[in-house]
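Just below sit the structures, each encoded as structure tokens.
Shared between the two complexes below is chain A, which has chain B as its partner in the first and chain C in the second.
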Partner chain A sequence: MSKLIMLRTDSRLVRSLGATLTALPAYQSALADAPPAFTEVGLRYSHYSEDSLPEERVIFGSPSRYDIDVTQLWIEAPVGGAWSIALDVQNDAMSGASPWFVGLGLDGEPGVIMSGASIEDNRVEVGVTTRYFWADGNAGLAISHSEEDDYEALSFAFDVAWNSADNSRTWTASASSSNDNVSPVKERIPVFIDEESLNTQSMYFGVSQILSQTKIVRIGLSYTQSEGYLTDPYKFADRRPDTHDKWTLSAGYRQFMVNMDAALQADYRYYHDDWGTDSHTIEIGWHQNLGKHVLAPYLRYYTQGEADFFSPIADRSQPFYADDYRLSSYGALTAGVRWTVQFGDWGIEAQAERYRSNNDWSLFDGDAAPALVDFWRATVGLSWRFD
Partner chain B sequence: MKTVVLNIALFMLPLWLHGCTAIEPVSAWERGYLADPAMQWDRGKREAKFAGHVYTSKEASSGGAGAAGGGCGCN
Partner chain C sequence: MGGPAKVLVVHSPKDVTQVKRLLNDVERRLKELEQKWSRYKPDSLISLINARAGSGIATEVDAETYHLLEVCRKLWTESDGLFDPTAGVLRQVWDFQRGTLREPEKLPALLHCIGFDRVRVSSSTVQLEKPHAELDLGGVGKEYAADVAAAMLREAGYKNGLVELAGDIVALGHNPNRSPWQVGIRDPASPEQSHMTLEIENAAVATSGSYYRTIHQGDHQYSHLLDPRTGWPAEGPRSATVIAENCLIAGAVSTVACLKKTSEASEWLEESGLPWLLVSAEGALLGPLCQKSS
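The block that comes next holds the complex of A and B.
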């Protein structure tokens, strides 16, 4: 972001006078179709921690679950007058145990058998994105490689955005492809495969429209198709189809509140797949400018229906079966807050989020899974911009 | 469930129709508020990527926000 825009957005008076010197496209309201004016380097550290399962829901094993330490490092720079390039490196250090399968407890209720000994794993993802800018749009090409002990993924993505003649409407399209290989580690729990592959293709089409000086809206449609090994190799009672088709319809709305120097943010997504799952996601956020500081609380509600082949205790007589809580019917509430501050060329951020899920909060019918997850995540970050 | 979806669709329809019919021409020099970071579609590229990976790993749904990153997310 240029100093020009930083100056403008720091001043309510200047903004109210409409000092924008460039015709801002609708798809990405804070940036014109030009490469970044500065090089930026940044570092983020996040901790993700799942709550232990209640003792009464565990038949065997420790109720402790997953903890992940995530480090993100990036550099993004302009190249010439029309290009930018970004390098992203992410490291995930994971440890803990996860549900292995669900059985019937002594009380007659479904209970969880955990995977036993703590699992240690490390994932490293490296991604490079190049982007070309022209007067009426931009296009990006990204390649990413992710590797951990038992999983490797190589993905490519292309996206393009172009603006209407008056820059009030922006069309966006993207396509991506991922080739994954899974080779499970066998020393922890019994697994029944040596190596399998998975291919995923995805496409997205969307349009955003400026409604007024303070309002903008967008809608989008996506389709994703996966083919290959979709079963979770670390679940004892899990057998899934080898194809998966997914559709989403999403919408977003932003309204700037001039008198409050803040913005209302609202997003909705409807999801449907050919495994019988539908879901709704609604997120409401508030972005409050406070001089150099920004405080942005948000609430998210998510609800999904169960997959056709899910049951609390897997029925292994069926062609496909799963007791994975992630395929069950439930609702989840998320509350979070994000704080950022800009001191000259330095930016600081901090964020915390709480996620809780419950079968009773679902809009869909379905049996409760005993291993539903609750978690915390928190982030601190630092970035620096220079010419 | 169909009733819920229908209700949401009926709820949103007037908003969309209102939006379509209430578009005001906005000149280039009138886009100062639209340029505020508060009006961006995500909370930052890296946060969006991390949050997307967390939700996709723990929920059955994915998509609608561009290409996802790699990784198993099995556990």
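The block that comes next holds the complex of A and C.
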């Protein structure tokens, strides 16, 4: 009797030898873009929990904030020899309160008036992506629809990746369009619109270059243009322009350390928009292989300058105004760790992340927003692949 | 490359002409590789490089040869010099084709010709610094050729087939009965028989052994696998079988295992994380494949 041998290895020795094979013609076709070899089904659950606001920063309402439970289910399967299709379904169950507006407290400092009663909402997003693969690249077409009590979005996206003849360089381009409809629920807090729309177009161009068998670098530029209702309908003192142009320049570097059986990841992102906001993001990560396990701690620093029309207490005499902490000047630190393990056809993942923000940590000048958020996020996931 | 070649393609009847053309292309490509890397062919690229050893003349090489030599360099480093493509010079003493040991007194001098660090490799030329040094791509050349043939089948759109080059095997997909390919592993004690059968799909199997091409001297049987540090045949396991994603890695890992003592070979194979089977000098079966097969 004989038994079928399952072959899944990821040892340092095999990776080290395998890295030298990539330049040989016999293994070039293995590098060529190809549909996934297996069908994969996965389920992931994340819990996002915002810290309560410090009592001294709240003028009215409960200091408790948002909790979100995110459940994702996906399946990706090869179709024929050159296509794949993927279905993603995501459910976000949100509950809690959010800052309504910022006023002046008895102590003369800006304080937050919360939205009061706990808001319960559910968002369901369904996306389908089909992808075509050929020897030098792949192209994907995606459509997704999301719906919640007060928001509906339909988006289309197209992306293409093209490899150079020696597979050392990959050009990537994508374009997407989203048509959103806002219809705020009026029972919660006073809102001043019935229904509004928002259209967003986005495009991206990037290139990645393999520098050596252990190093890869990438750079990308994106532009996003939104037109329509960009104001937050649930904020009392919020009036924003009807257009928003955003540019992002991103770069990344990966280096595999053969002797340590690990990889270093470094990413940078610069953002600029026509609302006067600039931001920088730096992330450093370390991916340590430990047999079948991968442990990946990371640290991210984010800093942004305030929008032209932001002030801690909105100045409603101006054409545009907002007291939304997300438009203020602040810095944020995220520390997290991700663990993955592969047992045969089964993959398990877990991730924990802590995010803290503070006006003092910003590289930009600007007044502090009292409602700056801190949060925890934890994720667990399971995937299974089969022929 | 020192042995028979067999290429099987699972195809529909309407593809007969196309498959014949593909097999002709595969044969042509394998002969091209043999012409480059065979040390038995006096007009091969490797023979030319060897003939120019110590002359100061660099030989122009193609990108494929350069990259294969870089694989050799990695393997030489990973094996702490045990896998050394320059050890072939020892065959001046150990003549395995005729099965005789000639002029063993030459061994100390030949050891000075060995050392992959004395091979100057640039992206376009190769030069052996030491006079009489010889390059031998045994352990990687044939194995790479098997991967080339398998890649040609895949590129032509055939997902099911089998490539066998003198015992090194690459299995694509399944056999005509839609079952995994069954691969027999030779019993070193009686090489005409298989002592186990493995079922594989989309994987490569390579077996290195000290049981074939041997030299008998008195009661002793010497293996054709030569230890570059001593100049004498390795006295490790009788055979090592490794399954890997491609034949080059399977062959390289199994070749190095056979150059080590049995206990060190087990550690090396364990470190590779690949499925393996070892037949020790005493004939004991070791490794995870023992439990997988019968």
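Basically, the second predicted complex is superposed on the first by the 364 of 387 C-alpha atoms of A that agree within 3 Å, B and C clash if a C-alpha of one lies under 4 Å from a C-alpha of the other, contacts with A are read in each partner's own complex, and residues count from 1 in each chain.
Here, contacts are C-beta pairs under 8 Å (C-beta built on N, C-alpha and C of every residue); 3 or more make two chains touch, one makes a residue touch a chain.
Nothing here was measured: the structure is a model prediction, and the numbers come from that model.
Undergrad: Could you say whether A:Thr224 touches chain B, chain C, both of them, or neither, answering first, second, both or neither?
TA: first
Undergrad: Specify the partner with more touching residues on chain A, choosing between chain B and chain C.
TA: In the superposed model, B touches more residues of chain A.
Undergrad: Quick one: is A:Asp323 in contact with chain B, with chain C, with both, or with neither? Answer first, second, both or neither.
TA: A:Asp323 contacts neither chain B nor chain C.
Undergrad: Which partner does A:Asp33 contact after superposing on A: first (chain B), second (chain C), both, neither?
TA: neither
Undergrad: Should A:Gly81 be classified as contacting the first partner (chain B), the second (chain C), both, or neither?
TA: Only chain C is touched by A:Gly81; chain B is not.
Undergrad: Check chain A for residues that touch chain B in one structure and chain C in the other, and list them.
TA: In chain A, residues 5, 9, 14, 16-21, 23-24, 28-30 are touched by chain B and also by chain C.
Undergrad: Quick check: in the complex, which residue numbers of chain A touch chain B?
TA: Residues 5, 8-9, 14-24, 28-30, 42, 44, 46, 48, 66, 70, 72, 74, 88, 90, 92, 94, 96, 98, 119, 123, 125, 127, 142, 144-146, 148, 150-151, 153-155, 157, 159, 166-168, 174, 176, 178, 180, 182, 202, 204, 209-214, 216-218, 220, 222, 224, 232-234, 246-252, 254, 256, 258, 262-263, 265, 268-271, 273, 275, 277-281, 285, 287, 289, 294, 296, 298, 302, 304-305, 307, 326-327, 332, 338, 349, 351, 355, 363-365, 373, 375, 377, 379, 381.
Undergrad: Please give the residue numbers of chain B that touch chain A in the complex, ascending.
TA: 1, 4-5, 8, 12, 19, 22-41, 43-44, 46-47, 49-50, 54-55, 58-72, 74-75
Undergrad: Mind listing the chain C positions that touch chain A in their complex?
TA: Interface residues on the chain C side: 63-64, 67-68, 70-71, 73-75, 78, 144, 147-148, 150-151, 154-155, 157, 159, 180, 182, 196-203, 243-246, 248-249, 252-253, 271-275, 289, 292-294.
Undergrad: Given the complex with chain C, which residues does chain A contribute to the contact?
TA: So the residues of chain A in touch with chain C come to 1-5, 7, 9-14, 16-21, 23-30, 81.
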